[in-house]
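I am attaching a structure below and will ask some questions about it afterwards.
Each chain carries a letter (A, B, C and D) given by its place in the written order, and its residues are counted from 1.
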Amino acid sequence: MIKVGVVGGTGYTGVELLRLLACHPGVELTAITSRGEAGMPVADMFPSLRGRVGLRFVTPQDAALDQCDVVFFATPNGIAMKQAAELVAAGVRVIDLAADFRIRDIAEWQKWYGMEHAAPELVAEAVYGLPEVNREQIRKARVLANPGCYPTAVQLGFLPLIEAGVIDPAHLIADAKSGVSGAGRKAEVHTLFAEAADNFKAYGVSGHRHLPEIRQGLARAAGAEVGLTFVPHLTPMIRGIHATLYGRLTRDVDLQALFEERYANEAFVDVLPAGAHPETRSVRASNICRIAVHRPQGADVVVVLSVIDNLVKGAAGQAVHNMNIMFGLEEALGLDIVPVSP
Amino acid sequence: MIKVGVVGGTGYTGVELLRLLACHPGVELTAITSRGEAGMPVADMFPSLRGRVGLRFVTPQDAALDQCDVVFFATPNGIAMKQAAELVAAGVRVIDLAADFRIRDIAEWQKWYGMEHAAPELVAEAVYGLPEVNREQIRKARVLANPGCYPTAVQLGFLPLIEAGVIDPAHLIADAKSGVSGAGRKAEVHTLFAEAADNFKAYGVSGHRHLPEIRQGLARAAGAEVGLTFVPHLTPMIRGIHATLYGRLTRDVDLQALFEERYANEAFVDVLPAGAHPETRSVRASNICRIAVHRPQGADVVVVLSVIDNLVKGAAGQAVHNMNIMFGLEEALGLDIVPVSP
Amino acid sequence: MIKVGVVGGTGYTGVELLRLLACHPGVELTAITSRGEAGMPVADMFPSLRGRVGLRFVTPQDAALDQCDVVFFATPNGIAMKQAAELVAAGVRVIDLAADFRIRDIAEWQKWYGMEHAAPELVAEAVYGLPEVNREQIRKARVLANPGCYPTAVQLGFLPLIEAGVIDPAHLIADAKSGVSGAGRKAEVHTLFAEAADNFKAYGVSGHRHLPEIRQGLARAAGAEVGLTFVPHLTPMIRGIHATLYGRLTRDVDLQALFEERYANEAFVDVLPAGAHPETRSVRASNICRIAVHRPQGADVVVVLSVIDNLVKGAAGQAVHNMNIMFGLEEALGLDIVPVSP
Amino acid sequence: MIKVGVVGGTGYTGVELLRLLACHPGVELTAITSRGEAGMPVADMFPSLRGRVGLRFVTPQDAALDQCDVVFFATPNGIAMKQAAELVAAGVRVIDLAADFRIRDIAEWQKWYGMEHAAPELVAEAVYGLPEVNREQIRKARVLANPGCYPTAVQLGFLPLIEAGVIDPAHLIADAKSGVSGAGRKAEVHTLFAEAADNFKAYGVSGHRHLPEIRQGLARAAGAEVGLTFVPHLTPMIRGIHATLYGRLTRDVDLQALFEERYANEAFVDVLPAGAHPETRSVRASNICRIAVHRPQGADVVVVLSVIDNLVKGAAGQAVHNMNIMFGLEEALGLDIVPVSP
């Protein structure tokens, strides 16, 4: 059994991680830290875990995280970068669900995240945990940067096109829609029910932190800089991301075959039949990304529809997938959840 | 492996049954019938089942249901009563998720369901599948009447009080709230999103079909007729029932202990600590009923709060639980799902 | 034109008051105060008011409230009681949408609201602003206590029965369901979209601040103490309260006629035909209370269904109605809004 | 008073039209037809209209529509084209909220709407009722084609850019999101609450009927064919359209000034300050279109955000606006509704 610690279990990615780990046959959950809630049974804060998670929150000091095989950080940005080095030195592998190790260009990271980076040397060795791209490096990773939710949905949708060189990488558009849980479990006015329900809006059009992460991933696939317009929107649903992606085709290609072949061996990417429209609920609570590709009216514009559950494939599920790869387990272990629909 | 057939797999209880059976380690799903959709892959109708259910809908004639060990009817009322006798004669056990075998008084059934009963003799032998009450009879049942969603939430909340004889059985009030999936997957105006969202209403105040079912169950526990006012309401959520139950206390009693003892050995009933308010999402997608008991301001009125997922403990999950009991499997097999929250 | 000031315009009752006053032909809006947002155009915080409210928030000091004819307090509890005396002394009439002047028993108020009352002498003269009960006193009120949202829906539903003496006042049950805007526009975790959506729960079963207010109103109508069990619930909708009320009939009566006669001359109470089930959306954005009365199966239990928009008839609309009465305007002036449905 | 008839008052655009007309000081509502519901009081079907609309539905034969000054068709496509000629001959002006007169190219219309056009000669004279473009022609229109909901939001967002010739008209992208009421009040499975809530999906990517309508309007403004990719999405909210529009800038321009000048004199188009993100709820229940324009990171891509209430500015409200223009009334008469938010 892999001994697992979780730092910061009081947010949505944290509780989702606990939901998945509570059922995972290969792990033993040994500690869940929370400075603010130390002493409280985890299931008192999250009644959905009653009878499934018997632990109490502990302070980081009491957690003995250095005895774990792996530690997940489900913390705000800027925490993992301060604690990872010590854990790595103790032989503990680190999976960060926040953004601390996602951007290789430290200056770029500091610009978007508004703080100084505390561990640039770990960024250099960290592996970006998109299994469909980096599976081999993930196996050996000591520090794993779990991708953001939007970046997961957008990259998986664009990658087949960019890798095959069939769209103009200079003019990509990603129009993405997220459920409100993507904003986290923080007390804020703009994500109150009475603000976000029966309402729809874009946000961060001038620039969103996931933009450089997506650009980095797509540039790597393209072997060149890419031009990307990324517009995120807030949708009145709890979970789910729907990315609608637009690219200009530079040559004719069998788009359906291109996507099916690219993901033929991927357990968690499902290419839908031609003409399909994936719904976010078709992946609710599961680790699956479903994708459909369209070429409306035969014009030179390709439209990709890509859906994930932002808390699973966009966060906790992908983190568990990465853990499975890192520890040589079957990739889908603990993740064979049938989506909950309706 | 238990060979399982499902009649009527195109409604919400049907697809939920498929979600549960697809993960159940003790069953082999052999046939799913639908007159209207015969030939269509099940996963085409329900993309959430892609990669998990490979069957196509078949006509009842092609289903070879008499080769199954058990057949679930996830059909409208009035179907199972016509087909059960033949299956039972062939040695197949029948679990009806509709109402055909729930009411022992045939005249009463006919009044509420507006049709003639086709198999009164099966009603006589049918077992009412509330495991917390009828576990022993369920083991041997050939025809199992799976309880309704409201009746499950309401009976589990009232039973400890009635069995202990501590409330006046003549004046019970059950104010129940259901998510919209309880109305089924039928094209109707009143359950359209634009009708049911951001809206709340009572319905069926003059009489709802679940009233006689609840009354029958409570009367059996009371050993006498009960007086029950039952008011169901439609709530703008997909899943979940919240029953708020009111009774007049006839003597002092430690209510918390009463409930905890009654359900001490029940895997799927969770009595919350004193003062708690269960949320429907704390049981979402799981087979659990969570209950809290209150005595506001120490007056002589007891208030019980009981929540279930109407599609799981209120339908498909309870049906699988019953199957497990009927076939001597571990009761929780295939049902150890952590609720999905948020 | 009546000169109107609003203290505390940044919450939901505040912005709703502004929506109504912006259209009211008899008023001139002269000042909207907010300590925290002084200087900001009101329409920057509430884009729905762009082009309709040109004012900026001002500090209370800059508001010259003593030049107003009437000042509305759309503030948290405990503010109006400190500022009303000075305004009243200056000849300004005060309408408090919070609870400071609702409870006549100061000790009771202090117990439920957890603070010392700053103006008991104003409580003594304050008028409880339920027009259907207190119209004559409202005309002359200098300090008006605008009723709470639950108390409005519950009292209007029970009053005909209690005034006529046809139910047992010792055992009343009010099972009430509120949209999330009732919790106000405060940054709190439990009212986040991802917490409150697709979820239903009771809260405050052991005691809610609206309980003594309802009890006071019903006791006054009964001419005696009443016994009331009040259970509020949080419903995943923005606006609306649905109160389901239960009483034991003590004698036969034509319930439909009783209700129709009681409210025959009330512009804002609509008694639905026998057998009806009012929906909250049928009053959305309007000042109407719709009521239906049932006697299920002819038993001795009466069930009343009462719906309001918590922000209008349950707050800002009733406040404007009271202002109209206080200033001798046509009662419905500025309030003849057709409900927005769907 | 203008005598108004409504054909087909049982859908969402119908009931919304009645909400607006019930308050309109310049009209007298004389007849509302419904074949299926003739004889039923309108307010029995729509309780929100109780006390505001006293009429009963009548058959078309009994409606004496030829005595009206104007008749609104809130019918499915294909009805108005059969009845308009007779009304026009009788001197009645016709406003069609459906699509019968929107597309000037009859062959194109027949391709997208799948039926033969019954009145091509009326299409030739019909005026497309987007007041911000066609005000002068609208004044004299005998047959008015009220624009579709998506076409309204998309055209108003693109027009300033296209009229000024600052974007490449060959590669326009409109990513549009609609509330579920846009699908109408028809009993269909895919718009049930339990299907559409907590879910997000694109639809009609290969081609949507509003595509030719938008293309026609933009081509007219461009003076040339345009290339448009239009992807509509279904959002779990009742009302609202959010169009996110992308265009390639062909020269530098002060985008904010361009939009502000274009709509300086328009009562129902509100250009937000630079950097803003309009929310659909900021126009809920009102006839306003709010628009913001962005140029992310200073690249050559312009992003326009345009929101309307699909039932008001996208249907009934724009129809009333058109009526006001046609009859020489003040344009905003009956339409000065403050948006309902939250």
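Everything that follows uses one rule, which is that a contact is a pair of C-beta atoms (placed from the backbone, for glycine too) under 8 Å apart; a residue touches a chain by one contact, two chains touch by 3 or more.
From a predicted model like this one, the values you see are computed outputs, not experimental measurements.
Set side by side, B-C and A-C show the greater C-beta contact count at B-C.
Centroid distances from chain B, each centroid being the mean of CA atoms, peak for D. Between the Cα centres of chain A and chain B there is a gap of 36 Å.
Centroids built from CA atoms put chain C at 39 Å from chain B.
Remark: chain A and chain C have CA centroids separated by 45 Å (rounded to whole angstrom).
With touch defined as above, residues shared between interfaces to two or more other chains in chain C number as follows: 12, 179, 181, 185, 194-195, 197-198, 236-239, 278-279, 281, 284, 342. Those residues of chain A whose C-beta lies close enough to touch chain D in the complex are 171, 173, 175, 177, 179, 194-195, 197-203, 205-207, 227, 229-231, 233, 235-240, 242, 244, 246, 248, 275, 277-281, 284, 294, 296-297, 299, 301, 303, 305, 307, 342. Here chain A touches chain B in the complex through residues 12, 15, 19, 22-23, 46-52, 181, 185, 197-198, 238-239, 270, 272, 276, 278-279, 281-286, 290, 311, 336, 338-342, going by the rule given at the top. The residues of chain D lying in touch with chain B in their complex are 12, 179-181, 183, 185-189, 191-198, 236-238.
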